[in-house]
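Dropping the structures in below, format is structure tokens.
The following pair of complexes shares a single chain, chain A, combined with chain B in the former and chain C in the latter.
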Partner chain A sequence: MSTLLTILIDGLIYGAWLFLVAAGLTLIFGVMKVLNIAHGNLYAIGAYVAATAMGAWFADRPPSFAAFAIQLGTAMVAGVVMGLVLERGVLRRLRGRDEVSLALATYALLLVLDDVIQFIWGTSAYPASAPYGLLGSSEINDLRFNNYEFVLLAAAIAVGLLLWWLLQRTRTGRCLAAIIRDPEMSAAMGIDVERLYLATFVLGAVLAALGGALTAPMIQVAPGLGAEVIVVTFAVIVIGGMGSIPGAAVGALVVGLARAATIHLFPFAEVFIVYAVMALVLAVRPEGLFPQAALRKI
Partner chain B sequence: MNSLRRSDASLLGLLAILAATALFTPSWLMSLLAVALAKSLVALGLLLLLRAGLVPFGHALYYCLGGYVAGLGTPWLGIRDTLLLLALASLLSGSVAFVAGFLMRRYRGIFFAMLSMALSMILYGVLLKSQGLGSSDGFTVARASFFGVQTAGVGAIRSVYLLTAVVTLLAAWGVSRYLATAMGHVGPAIRENEVRVEYLGASPSRVIHMEYTASGALAGGAGALVAVLVGQVDPGMGFWMTSGEFVFIAILAGAGGIWGSLAAAFVLEGIHALAFEYAPQYWKFVLGAALLLLIVRFPSGLSSILKTRGKVPS
Partner chain C sequence: MKFKSNFRWIAVASLGAAFLFGATGAMAQTGKVRIAVVTPLTGPLSVVNGPGQNAARMLAEAINKGELPAPYNTGKGLGGKEIELIFLDENGGNAKQVAEFRALVERQGADAVMGFGSAATCVAIAPVAEELKVLTVMSTCATPRIFEDGKYEYVFRTTGSTTMDSVALALYAQARMPAAKTVGHINPNYALGQDAWRDFSAALKAVKPGIEVVAEQWPTPGSGQYAAEISALATKRPDILHTSMAGADLEAFFTQMRPRGLHERSKIYAPLLELSMHRMGAQIPDGVVFTARGTNGLFAPKSALNDWFTTHYQSRYKDAPVYTAYQYTNTLLALKAAYDSAAKAGDTGTPALIKALKGRSIETPSGTIRLALGNGHQAIQDMAVGEAFFDAAKKTVSVRNAMRFPAECVNPPEGIKSEAWLASGMAGRKCDGIVAAK
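Then we have the complex of A and B:
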């Protein structure tokens, strides 16, 4: 019973983290049909920027709640800058290409950004533990959880609600729905498609950077961060159905719980359980759990 | 028919040149060439699938599997002969690809890429956790032996190099022959319009399944050759970045068909060697920038791979 509860809480926290990163990825794919393989690098940049900023700020100050402002603020700026640069610099030149070429282009961006990150931050690890100890810890079932981990959960719920509100309850959301159906027709109706593409990509990049910044205090920020994250988030959005925000939430939960269960019950399977679940889901539902409707061309 | 014969003759010529270089090239260059040849062997398999518009982002699975089979053949089965190890690795990888093919044949586009990556990451995860197989460090592969003759030093590298050259060029010959058959022409048609291919009476799924199996066997063979050459295998062979490199070679190969695959792998290994010599930390940057330039500037590099010889009006 206590193992079950532990698995549930661990799975929820891991799932929350997954959703934070996957939401931006699936949003970008849904609207722009770009499977952004460089998403993991945006995540890594967010983590590095937040870690560096906090390291500089707290070098001669005691830890305080200003940590959260610095962490989130700097990551947001980094996300906006990277989003603008990548969208305007690269993706805009590739409008109208097929999904596979677009994915390959972002794979090229991943290779470039990997080395750029290494050039700026080097190969040493950056600790960024400032906000981690601030909130204390709580005990559930004789198990100690750092309260910071629940911040992650709250952040994921907030992001989910925000995206739901944005897509379902605003004019922008309706324009996006139109663009998803038919970009050309939407443009003819007077929607500024280019501007919304840019906004979507920047929003996705900011979400990735925020995910990285929020994770930074729990880990050592070191090279290889992005490559680890991106394949797991792929699995999440593929399980959920690419382009669907509720799908990403369900996918994150499924993967989070599956992983927590294997860690506690079959530690051997930890590394590959995510992909096994993904292969299983795809075998039963080829387009994931909540696929976007698509037209069939004859 | 004439052009086919000419390409056969060119392949023979290339083999002769490669064999001749073995007499006087230093061993580091021979290793480099052998790795390039092995990678073009993988790229030849990918060429088949890319022609059908499928991007196999997970062939590191078969490459890695082939490497491990070659490595384990000696301690587990007592097989020492390189040719036997190669055959075993290729056969096993091909069989795994055949089984996985029943799943893969149902997918197209981005889902095919994602699912093949997921499968390769499963193997990577298993190997990473297998302490008996050296976990993340992998293990040492026994020295190559040919028909009972144990080789060592430069002789070992030379013999593996020659074997790789023969196997790769044989595969190139086979692929070029296959592409000239009726079935070989179905691939580009699938990419253009799969439903019409079905109307015409061909089975896209079956063709894709067959090509997937063949490409798995080729990648497995390449993995075995590299394992014997380098004398070491590790899970990194199965990481998705390795698959990315293979896809890169195949994209670079573009419209060149089998010749493109051979040339692209040599170019890539050349850049690799240069970057390692002068700026080891910027290797990925160079690779990524080149790929980006290729995609942005030369969109036909991607699609012209799918072009049939006589251009069909669409």
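Then we have the complex of A and C:
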């Protein structure tokens, strides 16, 4: 029983982190039909900007709750700037192309952004641990857990609720739903499709950067950060159904729990458990757990 | 038409001139020793090899200016010739490395090649270097397989293998933790991690036969998220916890486990901590047992050469040199010694350099290294182990409870493979002269 409880806690924490990273990627794909392979770089840029800002702010100051404001602020700024640059500078010019061409374009962006990150921040590792110990720890099941990790869980729930409210309870969300169904008809009905594409991509970029900014205090921000996260993120959105926010949440939870269970019970299988789950889901439901409804045009 | 025809000839002439310039450009470098430094300039390994690259630049400049202290105050350059370093990115897989190595030697005319941060690259490059007959001195990669699985004339290595780390840690555990009964590990699931655990567990079982393995974790390299692994290890509470994680992975693991107190439940043995030590500073859990792949860094013996090296490195790079900085330095000093020796004999061709280098003892900032294994091609040196702690008064990381093991105590005898030696219980090891340093 105590092992099950520990697996549940560890699974929720890992799943929360995965959802934070995957939400933006699946949102962009769902609305724009763009598989943004450079999503990991947006996550990395969010982490680097947050780490740099925190390093500068706390160089001569003790750690404080200002760190959380810095994380949120830098994620917004980094996400908005990168979202505007990439959408207006690249993706808009490729509008209407097939999905493979768009994926190749975002792969090219991945390679370029890798070098840009290295050019700006070099090969050094950047610590950003200021907020990590601020909230203390909690003893559960004879184990000590850092309360910061529960902040990640809270952030993931908040992001999920925000996206649900945005897509289900606002006019913008209804417009996005229409665009998902039929962009041409939506434009004909007076919806500013280009503006909403831009807003969607910027929101996705902000979510990626937020994932990076929130992760930065737990790690050393170093080269290769984006590449490591994008692979498992793709697995999550494939499991959940590409373009589905609830699917990303369920996919992240399934992967988190499966990985936690493996680590506690069969640690040698950790290296492939995520892909084994993906293969199992695809074997039963090739379109993922929560696929977008396929429209039939008459 | 005439314009098009003229344009075609101009284009051909330009291409020809560019080709000639390129070819003669390479040939016009006579008088310089062109040393290619193959090192991870990008990718995850770039963080740990960066200090090596910095040290190589610093040493090359000092050699060219003739500013090295004794015993290298023998004039400018290598055998009187100026060094030119060419840096090449090791990131990108073995096939790419082999192709670029060939291009480097056959087209760009490198006189010697050094560096190599990845064990996989070293294993792939060694036979190619032999085929191309280019002097290749490996500075950092540490798999024992190079000279145990192959015989090479043109390949040298001026650093010890991972076997040294594992044996020294096991002997340290035997001396410092006689009551330890259980061991666990968290090692990255790739060649280095698997080899490190295999060697350490074999060495530990040889010196503490009753020790029981109670926890094993194999995270994917670069995963960065270790909450579940920390929970699993904290539940099992091994007396000794081994990890060969390095760089960003190790720093993330320590950052996440420190507030959760894993180091209070288990004594952590992290042989590659030194690469992150100064960057982490006060964030390092107190008392982590570590090595420096020899007697490098904080374990380096006091000498004029080490004083010169650390002073100049810290002044230039505002950071303490870690063991990769020492390793690249030791390679350049080995080349300096060989070139100077060969120049005195009037021949600095590759066969003469090989003869000068083979079996040599070389004075370095980390003490004496001896090319004593692999038929005179593989270096051995003494090995030190200690506990890291943050000295709040001096605001710097320091070491306590250090022990120093002679080279013949932690390396297999010539002709014996590391794996077999460990399986035999490290038979024939010569451990007279173990000292508790500092």
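Keep this in mind: the second predicted complex is superposed on the first by the 294 of 298 C-alpha atoms of A that agree within 3 Å, B and C clash if a C-alpha of one lies under 4 Å from a C-alpha of the other, contacts with A are read in each partner's own complex, and residues count from 1 in each chain.
By definition in this document, a contact is a pair of C-beta atoms (placed from the backbone, for glycine too) under 8 Å apart; a residue touches a chain by one contact, two chains touch by 3 or more.
Values in this document were obtained by computation on a predicted structure and should not be read as measured data.
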Superposition on chain A - do chain B and chain C clash or fit: clash
Partner chain(s) touched by A:Ala235 [first = chain B, second = chain C, both, neither]: first
Which superposed partner A:Gln118 touches (first chain B, second chain C, both, neither): both
Chain B versus chain C as contact partner of A:Ala103, first or second or both or neither: first
Partner chain(s) touched by A:Met218 [first = chain B, second = chain C, both, neither]: second
Partner chain in contact with A:Ala283 - chain B first, chain C second, else both or neither: first
First (chain B), second (chain C), both or neither touched by A:Phe268: both
Overlapping contact positions on chain A, where the chain C interface meets the chain B interface: 114, 118, 227, 268, 270-271
Complex interface listing, chain B residues touching chain A: 53, 55, 103, 106-107, 109-111, 113-115, 117-119, 121-126, 128-129, 193, 195-196, 240-241, 244, 247, 251, 281-285, 287-289, 291-292, 295-296, 299, 302
Chain A residues touching chain C - in the complex, by the definition given at the top: 3, 6-7, 9-11, 13-14, 17, 114, 118, 123-125, 127, 129, 132-133, 137, 142-146, 148-149, 215, 217-220, 222-225, 227-229, 259-260, 263-264, 267-268, 270-271
Chain C to chain A touching residues, read off their complex: 41-44, 46-47, 50, 189, 216-220, 222-225, 227-229, 231-232, 234-235, 247-248, 251-252, 255-256, 259-261, 276, 279-280, 283
Residue numbers on chain A that touch chain B, as the complex places them: 35, 90, 93-94, 97-101, 103-105, 107-116, 118-119, 227, 231, 234-235, 238, 242, 268-276, 278-279, 282-283, 286-287, 296-298
